[in-house]
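For reference, the structure is listed below as structure tokens.
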Amino acid sequence: MDAILLQLLNGLDKGGAYALIALGLTLAFGTLGIVNFAHGALFMLGAFCAVTFNKFLTISKSVKDESITFFDAYKEVPYLEIWWGDTGAAIIDYAVPLSILFAIPVMLLIGWALERGLIQYFYKRTHASQILFTFGLAIVIQEIIRHIFGANPIPTPAPEIVSGSANIGLYLGLGENIIYPWWRLIYFSFSIIVITAVFAFLKFTTFGMVVRAGIQNREMVGMLGINIERRFTIVFSLSAVVAGVAGVMYAPIVPPDFHLGMDFLVLTFVVVVVGGMGSLPGAVAAGFLLGVLQSFAAMNEVKEILPGIDQIIIYLVAVVVLLVRPRGLMGVKGVFED
Amino acid sequence: MGSKAVLQVTNVLKTFGGLKALNNLNLTIEEGTVHAIIGPNGAGKSTLLNVCIGQLTPDTGTVEFDGQIITGLAPHEISQRGISRVFQTPQIFEDLDILQNVMIPALAHIDGQFTFNAVKDLRHRNEVKRAAMEIIEQMNLGDQLHDRAGAMSRGNKRRLELAMCLVQKPKLLLLDEPTAGMARADTNQTIEILKKIKATGMTKVIIEHDMNVVFSLADRVSVLAQGTIIAEGTPQEIRESEIVKEAYLGGAKI
Amino acid sequence: MLRGFLKINMKKLLKNNLVIMIIFSVVVLTMPIWMQPFGAAYPDILQKFVIFGVFAIGYNILFGLTGYLSFGHAAFLGVGSYTAVWSFKLLTMNIIPAIILSVIMSGIFAVLMGYVALRRSGIYFSILTLAFAQMCYNLAYSVLTPITNGETGLQLAKSDPRVIDRLFSEAGEGLPSTTLFGIETSGYSGFYISAVVMIIVFYISLKIFNSSFGLKLKAIKSNQNRMRYLGFNTRPYLLTAFVISGMYAGLAGGLLAATDPLAGAERMQWTASGEVILMTILGGVGTLFGPLLGVIIIKYFENIFSAINQLDLHSFYSIFPTWLENAMVSISSLFVGEGWHMTLGLLFMLVVAFLPGGVLEGMQLTYKKLTTYVSKKRNKTGGESKKETGVNHGK
């Protein structure tokens, strides 16, 4: 029982990441009709926003180390600490959550630039060309990151106070065996908040209404005389921001490297297909579902019966779902069918 | 008139959401006749054809072709039994040339379901080509043999699609508004062609808005409204029928 | 008059399969000679040209003829390689059984994958093939390590049984090398053997392109629904095309192992499928020679670009002042050496954006433009001839 609960928890943070990426992906092709293979790269860019912000905060100066008295030793002390002392140190400690504030404008800008500069020319092209073009774009983005940050993963720590684990079992009165890292718990809550925010935005604003109408019937909305172009740009930027903040918060869980995006991309595409192309709730549900399934498949008890199942469970589920329910779990009729 | 029924639609019900597109529809098409189906927009004419060719499966009821039930069969199986359809928007192979467009259905006629004949294709090729050329000439498309089909005018596309269906020598030909959106001259040419085919005795079902076409071609006319046949008879009878005038001519803006 | 006559005859001649094959074979087999000025006349890269040529020709049969975009073909390449290496380990160092087995194995995989994936079309098909390829890749790295030797890759060992070889001779000293009845299949002989194989499979693809089977595949690409309503059950056709192209990929994998008996899982990653897609579209999807052209362009530049290092760049830009030299070097180093992938990605974007028909179509367009330009010029000088052609066209 404990083990099952623990696996459930384990799956939730990964599921949250899948859900967030899948959400942005679905937004982009639900409204714009763009199959964006560069979406994983946007997630990765988000993670590197956290890295950059962290580096930026910790720009340091060599200062004589007073604690060593035998010889002249120097240590690197960030300017922030020199200027503001403990407050500065606290800011550095909270680099990752703070970098969300940094990532949102950056990702908005990147999303805007990509849409205006490149993506907008592909709305009328076939899905195959879109896939291939954005695939090339993803490679380019990831190579730029590798050029700047190198090929090695860069550890980006979470704030001190949440770096430990929560003894959830104790809180809930279920025994002491359910211990779960705080940050993952935060990630899960964070993803829920972002998802809720996006849904609220789509549900309660006029803009969101147009977007939802666009998912239902793109041509119709275009004919209503609504300035589609500008809205397209905003939707694409929004999807970039969602992917970006998902990446920022994921940095402490997996130290980001340039390949992070590609690893997630393939999985997320499968998630989107399982959820049903063009269905936002489907994307979210499938994200969590597959995250949890994956973590169950990683249990030793399961692996003993079906060796290697943890490696392929997501793909296996995708194959089965597509064959049984061709439109995915919550697919919308007529979306992305020939 | 021949008395044998080629197509027998019995109690077909098809709903989309709450809407009854076809409401317990019954229809009999007799061999060798040209049967026109008319009716206001949204009466269920295209749905009826879609059910006949297996694009849609009816909720209840059956479609019988040549004495055998064909409901539930895949579209290609139905086509193999001898039903061909000309669509409202021409469904052709836009990327291929005209000769290839007509050769492919001719191959379907000869090859049947599936053959992998990468090597011994030459045996059929001349025979297929001859059959295709014959029809293309009939349709007056001979001078554009190697033009890309997608680049043709709409009228020519329609004629090409008709050629593709005719080359299969179907027992039953379904025509969905064969003259819609055509210029007057093109319409007349199409009527001439259809008359020529009529002489061969092929059974045809025509959905048409243009009453000139209907009255100059059809042997029998059925009037479809709200998913059921409300009247059936010779063109003359239909023209004089009060019910029809009310349901159709009164309702539709012509 | 005579020129026109010759032109027509030349065109007819060039449409003749036999003539095409003779010219093609000569061009391929003389590659070691005419590649010399390009600095690519050494066996390693020549082998890559022809082996990936097989891969791309096969991929083109699926993507070019039917329009189904598969992200899973790298898996077949990997399966082919593993099978071939196992054949070397267990049976014999002769490459014939290895290659035959790798084609059969990848064919079996292709039947399984195709049977499932072809139930869907469009982007769903792409994702399904992607899912399959990733499954193979992940399994090769984890549970299947006894078969694939995981990250190290599958290699020959002295202690391998090689039962058929043992019937004829004792195990020699050191690792044996792959042979074709005694001829070693590395170096130039490896190239010639692979080249002959490629010529044969090219001929098969030529036959498929010109057959009624090929015509039906093109029709499926153009309008699959119409095919169904004309009485064709399209799935067997698609499956056949899928399996053929999968077998081509397996053959390429087998050849890779035959020239260098080693197999690693990285060959199965989906980015490897991306590479073959790029080769195909770069040259020209659905054309006979396009994919081969794409292979040569990509493999050639990969070889050159990835070999350039900072020192080379510095010496290349040494004529500029130092600050400019440094700036140029740092910009260029984005694209060469390790940065080759960046060039590849950019190339991908540029080709898809501006040359969706590939280099071959680009060349045809330029040729057409040039000839119309030339004929216009000629017409300007002689108004008479213009009138004449006008009349002819009218008729």
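Side notes on the structure shown:
Just so it is clear, A, B and C label the chains in written order, and each chain counts residues from 1 on its own.
As a working rule, contacts are C-beta pairs under 8 Å (C-beta built on N, C-alpha and C of every residue); 3 or more make two chains touch, one makes a residue touch a chain.
A quick note: this is a predicted structure, and the numbers were derived from the prediction, not measured.
Taking the mean of each chain's C-alpha atoms, the chain whose centre lies closest to the overall C-alpha mean is C. Taking each chain's centre as the mean of its CA atoms, B is the chain most distant from chain C. A straight line joining the Cα centres of chain A and chain B is 52 Å long. Computed from the mean C-alpha positions, the centre of chain B lies at a distance of 44 Å from the centre of chain C. The centroid of the Cα atoms in chain A and the matching centroid in chain C are 35 Å apart.
Annotation for chain A: no residues touch two or more other chains. Those residues of chain C in touch with two or more other chains are numbered 225. Touching of two or more other chains is recorded for no residue of chain B. By the touch criterion given at the top, residues 67, 69, 116, 119-124, 126-128, 130-132, 134-135, 138-139, 141-144, 224-225, 270-271, 274, 277-278, 281, 334, 338-339, 341-342, 344-349, 352-353, 356 of chain C touch chain A in their complex. If you check the complex, the residues on chain C that touch chain B are 204, 207-208, 211-216, 218-219, 221-223, 225-234, 236-237, 240.
Residue ranges of chain B in contact with chain C, taken from their complex: 53, 55, 74-77, 79-80, 84-85, 91-96, 100, 103-105, 107-109, 111-119, 121, 124-125, 128, 164, 168.
Listed in rising order, the residues of chain A touching chain C in the complex are 35, 118, 121, 125, 127-129, 131-133, 135-140, 143-144, 146-147, 262, 266, 269-270, 273, 277, 307-308, 311-312, 314-316, 318-319, 322-323, 326, 336-338.
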